[in-house]
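Across the two complexes that follow, chain A remains constant while its partner is chain B and subsequently chain C.
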Partner chain A sequence: MSGTVVNTLEIDGLDTSYGRIPMLRGVSLNVPGGQVCCVLGANGAGKTTLAKAILNIVKADNGTMKLEGECMDSWPTHKRVKSGIAISAAAVGTFHKMTVEDNLKMGAYYIDDSLLNERLEEIYQSFPVLRERLRQKAGTLSGGERTMLAIARAVVNKPKLLILDEPSLGLAPIMVEEVFEIIRRLRATQISILLVEQNAAKALSVASSGYVIQKGAIVFSGTADELSRSEFVENPVM
Partner chain B sequence: MTDLDFSRSQGTKMSEKILTVACNILVFGLVFLMLRLPYQFSLTLVALVIAALLYMEKSGAMNAVFSLYIRNKGLAASSAIVCMLAIPVLLATFRYQSHIAVMAVIYIMVCLGVNFQMGSANMVNFAPAAFMGIGAYSMAVTTVKLGISPWFGLLVAIILCSVAGLLIGLPTLRTKGYYLSLVTMALQLAFTQLIKNIPYIGGPNGLSGVKALNIGGFSLYKSYTFFGMKLAPHFFYLIFCILMLALLYYIAVRISISRYGLVLNNIAQDEIAANCLGVKVSSYKLFAFLIGAIFCGIGGALYASLTSFVGPNDFTFARSLVFICMVILGGMDNLVGVLVGAFLLTVITEKLRDFSDYAQLIYALLLVIILIVRPSGLIPKRVRNYCAIFGRELLPPSRQNVSEPTDTQ
Partner chain C sequence: MDMFFGLAVSAILLGCTYTLVAIGFSLFFGVMDVVVFCCGDIAIFGSFAIMGAYVVSQSAGLFGIFPFWVCVTLLILIGAVFCAAWGLITHQLSIKPFQNSSELMPLLSTIAMGTVIKEVLGLLFKPVVNTISTAFDSESAVTVVSGRNPQGFPSLLLPGGTVDARHLVIIAITAVLLFLLFLFLNKTKIGMSMQAISQNKELSLMTGINVSRVIIITFLIGGVMLAISGFLVGSYQKLMSFDDGAMYGAKGFSAAVVGGLRNTWGAVIGGMLLAFVEVFVSGYIPRGTAYSSIVAFVIVVIFIVFKPDGIIGDKSVEKV
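And then the complex of A and B:
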């Protein structure tokens, strides 16, 4: 599956646990460069834990992770972010008491002041709704707008790998549509995306490859086509 | 609550400039009267000022004043310094009132330090008095025991306090919320006991004879006679403290509007999210402790130099609580609020000296009332918006109309 495409992220034999309860067991996956890779699974399967483990918010017990071929096991969270991993997740909320602009500026933490305005301008062009809400507190945004803000904040830094953890969670169908439209646009910019989703049909509409995770282990992997035909996706809650 | 009006009018009008200066004169006039008047009138005035502040905040007048000051920031700052320096001149012959003024300035410095941790980063540090004590004892030991210039004492205070800030910050990095507060509380109590048990620095008796700061043999704390008028010994010391406060306040403002301030606010709100955006949370928490400790230490050193005596009872847990009260009363994470809170509480405490039996009662009552009426303090924190303050270019407003309106509800 990887073929000639360089993998942005390679995970090999990842184990994590919460206290003494094992969560992920021997998870191995690759995110090919410039493509959308999805991880599908039911509630409690370990999807979010996987996303957190990639950023070292949840510590890995075993296994290796490589970002563009470079081993990053010893890197703390902030170094992983600096090296080009960004996340937009429910667990990583927006800063409710701050303005939209300040939220975005936080995303641009590693961008030099002189380039900041230019970069923010690009963001406002991709996310016009944020420009209208610039001076508002993030807490006053609607759920959809907040998801937009979280994604925008994650991509300000121009990451190599973007982790989207259930971007459609709790959104109205029309907003889900809009969020996936944004993912399509991001895909066109050659950014590698790891899309963690419960909504298999939606996720497979944008992904080129994917994995199915169950009870903390990868049970199926393949291209989007193979996945959509597999028994796991037809009956995801097993 | 209405947001601040940040419309930057082109070329501020003359009337606005006059209004800014007039506001400053009014504010510092009130400050002077609160210091100068006997306690009945002074405390009545304090009550009126608190009521006025509550009303102004509610009616939005406070935001109008802030916008006015932000639009004319250069003039506002310079006229404020001039007005502040008028206070020592007006109080020149009043010994006790000058003393209150110096104490207020020193307490404001400490509160600005506390605000970095408590206001910006939401880490309630119960040990500001310990940091202040470290500063004061550094000053005392260098001048009394080693007999070196008090300026060197000030430097030692800053260095020792930064080291102490880092050391005390380290264990607190592993704890959060209440646990962090408990750790600092324990450190504060340990500090007082430690001081009492070191004979070299006087143990429970403290150290006396701390030298005042001087400039080339010209002591800043000494009674001089000008044109037959006997000045209070605090005259030059107060001027020096005010200038020092202006410097520290400027540093505090710059930090709070910078990315450091932004990151501290973000850590307060959501540590994981801040971490996921690439912030090395631990170094920022240490930074908050470090800079806060330095502010407290400078306050402590100036305090020791003023009273010429340091003892363990000056830097107890109760004193720490007073600083925390000042910050809460004024408004956490609002630097103007911190100034107001620290000043008002200092004046109230000092003016109630004659009724020291009831002082604590009145103090406590006031806090309870304010926390019921306005839990966020007299001047609560504003939504961050600092482009307007330091004139960084905002996005052209005309572009806002270009984007098509999208209904996202």
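And then the complex of A and C:
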């Protein structure tokens, strides 16, 4: 195995539907270990559906998914999280009536109590803004702080695979900058990241490979360089 | 002033019985986003289960063998098991199958479940049960004409004590129960998960909470709460009818709406508010007893129109 990059996530021929309307059609993709892989696409292309299907929040009709080579098709959502997949979806929000600290503790659902404080301390070091807000209700945070909390909540568990669903959604340019700085720092920790983004330029600045999804199907895949030269990404309307 | 004090105590007492049913509504609503309309019936089922278990243990001579309090605890436990089971049955039969259909479906099916509970109680509890249970306690002896008439609830709470002492014990038990619930919801992982699901179900899934397991646990715990509330209602009323659940359900639901359906403490405030209004209307307005429930429900309507989120509001009622 040495020398080759082991894929953290492998998806093969994934179909999903919403009622009788097909959403994803035959999606296959790999997230290489320790790298950032991005999925680019317009609104409604199926990016978020894909992210949720990986966690079995959206049920797959067909296809197989493997986490570090292990087939996880039969795993319910909580088992997938426990096994090391974490998702940060800014659009889903927070536990708004809980404090920031309790939100993080919910994220650390599967961490042993004895390790919890140490882990939280690490999080506060990476996300200093959250330390200032510890006792504050998550519902009172600003949009940027909420995104930070969403990412922090997802990485508390030290996941093998981190799915970031539109982390730049609705943020001011300066906050987008900050969020991508965090993604760069996370990348340096050798965690595998699946970055689902509409902002192609930003996503490609941190990703090493990626996919373009249109109307529920993968239409292009390649390295970050290939992607940035492709017609799909050059098209500013995407 | 004496009258005021007496009325306040009665109001708190009545409020206790409403509060516990209201908490059932708010716990279930929190995790399922569904108003489980048979909460009152489950509570009354609990008090009938305790009555039935009492009759059986009486004839088995259990009360002669074990100390009184052991027997009473055992009876309450039996009621709790029955109610937890009904909670689970309600979830499995009348809520879970309709998870993906219109939100009206579980409303109707839980009302249907309430009717089922009522009818089961009406069928099971024949007059013969009553004559045995009241023989133990002359204070609550009633003449029974048919199987559907009120059943005397056995005196299990301080049988030798005064009425006032018994009422204080009811209030104390409610307070302890609320305190335990507070600890459970805020200090345990399952309790925090219940709050998490209530606040953001999708994020709870993403966080890795085993949502379906937490929901089942919620129904079990809610069932136990309702059983104890059934025990307290029975000890307070002394006379139970198989269809009392409809009234307690209506009052409990109203209390939960007034307080804020999604908020457990709203249920306490709502329950107390309704009870105070009822008791003081009965006490201070001549022949007010006839109007007390009407005034209480008018207040509920006013809340639904002007503050649908309840006193401790969150966006909630729109989902009903």
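Everything that follows uses one rule, which is that the second predicted complex is superposed on the first by the 229 of 238 C-alpha atoms of A that agree within 3 Å, B and C clash if a C-alpha of one lies under 4 Å from a C-alpha of the other, contacts with A are read in each partner's own complex, and residues count from 1 in each chain.
Going forward, contacts are C-beta pairs under 8 Å (C-beta built on N, C-alpha and C of every residue); 3 or more make two chains touch, one makes a residue touch a chain.
Here the structure is a predicted model, which means the values were calculated and not measured.
After alignment on the shared chain A, the placement of chain B and chain C results in a clash. With both structures placed on the common chain, the touch criterion links A:H78 to chain B and to chain C.
Once chain A of one complex is fitted onto chain A of the other, the partner contacts of A:H96 extend to both chain B and chain C. In the overlay built on the shared chain, the residue A:E121 is in contact with chain B alone; chain C does not reach it.
In the superposition on chain A, contact of A:I111 is made with neither chain B nor chain C.
The wider contact with chain A, measured as residues touched, comes from B rather than the other of chain B and chain C.
By the touch criterion stated above, A:R135 is placed in contact with chain B alone, chain C being left untouched. Counting contacts by the rule stated earlier, residues 55, 57, 76-78, 81-82, 87, 89, 92-98, 102, 105-107, 109-110, 153, 157 of chain A appear in both its interface with chain B and its interface with chain C. Of all residues in chain A, only 55, 57, 76-78, 81-82, 86-87, 89, 91-99, 102, 105-107, 109-110, 117, 120-121, 124, 128-129, 131-132, 134-135, 137, 142, 144-145, 153, 157, 175 touch chain B in the complex they form. Contacts from chain A toward chain C in the complex involve residues 55, 57, 76-78, 80-82, 87, 89, 92-98, 102, 105-107, 109-110, 153, 157. Residues 3, 259, 262-263, 265-266, 269-270, 272-281, 383-385, 393, 395, 399-400, 403-406, 408-409 of chain B are the ones that touch chain A when the two sit in their complex. Residue ranges on chain C touching chain A, taken from their complex, read 189, 192-193, 195-196, 199-200, 202-211, 314.
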